[in-house]
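Per-chain numbering from 1; labels A, B, C and D assigned in written order.
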Amino acid sequence: MSTPPPGLTRDQIAERAAQDIADGSYVNLGIGMPELIAQYVPEGREIVLHTENGLLGMGPAPAPDAVDPELINAGKKPVTANPGAAYFHHADSFAMVRGGHLDLCVLGAMEVAANGDLANWSTGQSDAIPAVGGAMDLVSGVRVVRVMTTHCTRDGTPKLVEKCTYPLTGAGVVSRIYTDLAVVDVTPEGFAAVEIAPGWSFDEVAARTDAPLRDARPGAVATNRGGSEPRSTRSSR
Amino acid sequence: MSTPPPGLTRDQIAERAAQDIADGSYVNLGIGMPELIAQYVPEGREIVLHTENGLLGMGPAPAPDAVDPELINAGKKPVTANPGAAYFHHADSFAMVRGGHLDLCVLGAMEVAANGDLANWSTGQSDAIPAVGGAMDLVSGVRVVRVMTTHCTRDGTPKLVEKCTYPLTGAGVVSRIYTDLAVVDVTPEGFAAVEIAPGWSFDEVAARTDAPLRDARPGAVATNRGGSEPRSTRSSR
Amino acid sequence: MIDKRVASAAEAVAEIADGETVMIGGFGEAGSPIELVHALIDQGASDLTVISNNAGNGQVGLAALIRCGRVAKIVGSYPRSSNSTVFADDYRAGRIELELVPQGTLAERIRAGGAGIPAFYTPTGAATELADGKEQRSFDGVPHVLEHALRADWALIKAGAADWHGNLLFNKTARNFGPIMAMAAQTTVVQAATVGAPGSLDPETVVTPGIFVNRVVHIADPAQEFDLVAQGAHYP
Amino acid sequence: MIDKRVASAAEAVAEIADGETVMIGGFGEAGSPIELVHALIDQGASDLTVISNNAGNGQVGLAALIRCGRVAKIVGSYPRSSNSTVFADDYRAGRIELELVPQGTLAERIRAGGAGIPAFYTPTGAATELADGKEQRSFDGVPHVLEHALRADWALIKAGAADWHGNLLFNKTARNFGPIMAMAAQTTVVQAATVGAPGSLDPETVVTPGIFVNRVVHIADPAQEFDLVAQGAHYP
């Protein structure tokens, strides 16, 4: 196949993902790439970030001379607390998660399957140190689960697959995927590309996707787009 | 039978029950007669009173001009908070109860059976308004459950019985009973009187008890006394 | 911009619909969100299921809601009251249904509803008639009852202080069921004596984080149900 | 007189015995009760089961306890660390057992242990390999896993402020597992930066009521595990 231009940068993916976060949302951003999303929340929107180690209203990293080792995020990095923040213990924190009080989480992925299955916690290799953290809790409890990831691994292996080969984090949980190459919804009929990165063609992205990909962009054949659930005005939780 | 002198007054029963409360205990006192016990804690002992509506460290009633309608006990009466008190919500309050963190509760009773069954929440009458409150939680969770009650109802019906006729609050939960006529332990062999009120004979008390009563007073035939569990020095909960 | 303030109790409860389930905070007269309940009386919704530890006091608040014939069912632990016969009269006449739940089980079922736990085992009530018809199971030889989570369409609760995000502080034993009901309802409405900007509450002392709250009504000088009952007040 | 103060960390942990289960608070390096863990290292108990979200950092605290060969099993959610290979080395060599639990399930199992709930159903982990061998059940068509309470012989936790009764405040995200571990252990030992007389803490802001605490050690100027790891410190 031809060699297309580079896809979106990590910051550009984050910026795109941030566009879809409604004003007033309570959001958990996974460790790593998804953390970048916080920097791109569109002006005029206020979101409240949850970090599962006991803080709602997480703010940006502090100045180096203002680090408090007892104010960290789930990635164990120093953060700050915004006005309106609250601290709580771990059982209360996961009551928020499991109880469906968070509107959205955006997580990293090792694999996402066409049925929404997510694998992001274990390679299943025997010498790996098993570690799951809060990933399984987030995918089972948060109302909308999205993924931010590179479309393929560094060696070119697609991460969007027909069926996950790695151990699952959750079954049928992901509704939308932001990658360097596309925005892909998980629909009852499988993957549907709703946007393609500049300079890329649908076919080039489909070729790097290890499961059928429908073209669901505006102007393409009408499709059943998932992943952009309207928020109720009655309940913000 | 002869007519013995009056038994202990309510205050005297409370005073006797208070003797058995170890220094440092966390205690829930049932609504009604057991509330009196708080006034008779022996000098030199400090106990912490729990009220299930969300306060540890409950103090006595306030002066009439210092009543706060938002500081009440489980009987809905105004109280105060001692130094070292803490407020908490109902789920946390009953985590203390159910989780075995309270050392002792002393409850009222309609009937106590020789196997420790307690009935104190319902007459089972069809026109009664059912109301259970926290009684079932207390008897299932608190480490030691004792009862303070009159030995008989006003019409002379014994409250210490072979088998409860009223609906149970809990099965096999009571270990000691303080009445106007005696201190009675519940043992694997049934009721055992460990003290008899002044002016009363063992036989007179046994005649007012609707189940076999052993004489387990010092000097009587040796018996297996229950109800006076030693507190561990390692754990105060 | 996150601002959960609404202008009035009437506006805050306007959408409560016939047949819905409403949690109402308070233990006895402490923590009773009386202005919200009176707004619900004015509003007219009926055939309600109310989850509340008690069944109201005197002739105001929840007792008045029942007296107005708007409550089909109460889920609570202690509907008996020394100062009100409203529930008792309706109950004896067969006009209101009661699900009686031990108080700690009630609290834990509400918390479970808020925490995404559909069911749990508890020793409370095992071997009593309140366990009749419930699934039972032994753990370490002790009988336990399977209890299911409680959720509601609405929670009406009273706080001492709030901010625009819905972070809440409570006052003494008026805290009682407020924090857990806030977690377990689809829409949680709070009346608070003070409502400040974000940052007005110390994040270390917040009892209910704003994520559990949808609407905040400023009731600067709330009536105490305790006082209304003592005065013999009637609502409406 | 209720006074739970003990003179030293050494005295507070002296009775921990071989083979017992110890909960250790902290998330990453925040809230780690490092003086208590070091006292446990000095004390010598071995064959311990440790319940802790992580498996230690650097070469201090829990990582040092593991390195000294004193931990037979870890129950936690994230034993992987970017700054320590102690657990990883022992795990790969088969010298330490691991029970891996999703973080929220870990927290809820600990809370259940403290609250007298022997078991509960959770959706977390259903349809994953972490549910293998566990009882499963559907609620409203959603698969759930039956999870059992966790309790321990000991909990070692770090608070910001305490009083003689054991009432506790925490500092920011160092709160994490402290309050729930305090509930779930037979004996809870707390190190606190300040320890005041009863009445020194506002009863409205107490996070952990003293009923959950047995021993309080005043560690006026606790080391931060964060700093020790950054310095490359080794214990002992």
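Simple rule for what comes next: contacts are C-beta pairs under 8 Å (C-beta built on N, C-alpha and C of every residue); 3 or more make two chains touch, one makes a residue touch a chain.
Predicted model, so just to flag it, every value in this text is computed and none were measured.
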Those chains that touch chain D and also touch chain A are C
Hop count on the shortest chain-contact route linking chain C and chain D comes to 1
With respect to inter-chain C-beta contacts, which pair, A-C or B-C, contains the greater number? B-C
Taking each chain's centre as the mean of its C-alpha atoms, which one ends up farthest from the centre of chain B? A
Compute the distance, rounded to whole Å, between the mean C-alpha positions of chain B and chain D. 36
Using CA atom averages as chain centres, what separation in Å is found between chain B and chain C? 30
Rounded to a whole Å, what is the gap between the Cα centroids of chain A and chain B? 56
For chain B, residues contacting two or more additional chains: 55, 81, 87-88, 91, 94, 97-98, 140-141
Where in chain C do residues touch at least two different other chains? 108, 111, 115-117, 122-123, 170-172, 204
Each pair of chains that touches is included here, namely A-C, A-D, B-C, B-D, C-D
What does chain D use to touch chain C in their complex? 108, 112, 115-123, 139-140, 144, 169-172, 202, 204-205
Counting only contacts in the complex, chain B reaches chain C at residues 51-55, 68-73, 76, 81, 87-91, 93-94, 97-98, 127, 129-137, 140-141, 167-171
Which of the residues in chain C come into contact with chain B in the complex? 27-31, 53, 77-80, 87-88, 91-92, 98, 100-108, 110-111, 122-130, 170-180, 207, 224-227
Spell out the part of chain C that touches chain A in their complex, as residue ranges. 1-2, 4, 15, 111, 113-117, 163-165, 167, 183, 186-188, 197-199, 201, 203-204, 206, 209-212, 214
Quick check on the complex: what are the chain A residues that touch chain C? 23-24, 26, 44, 46, 48, 50, 55-57, 81-88, 91-92, 94-102, 140-141, 234-237
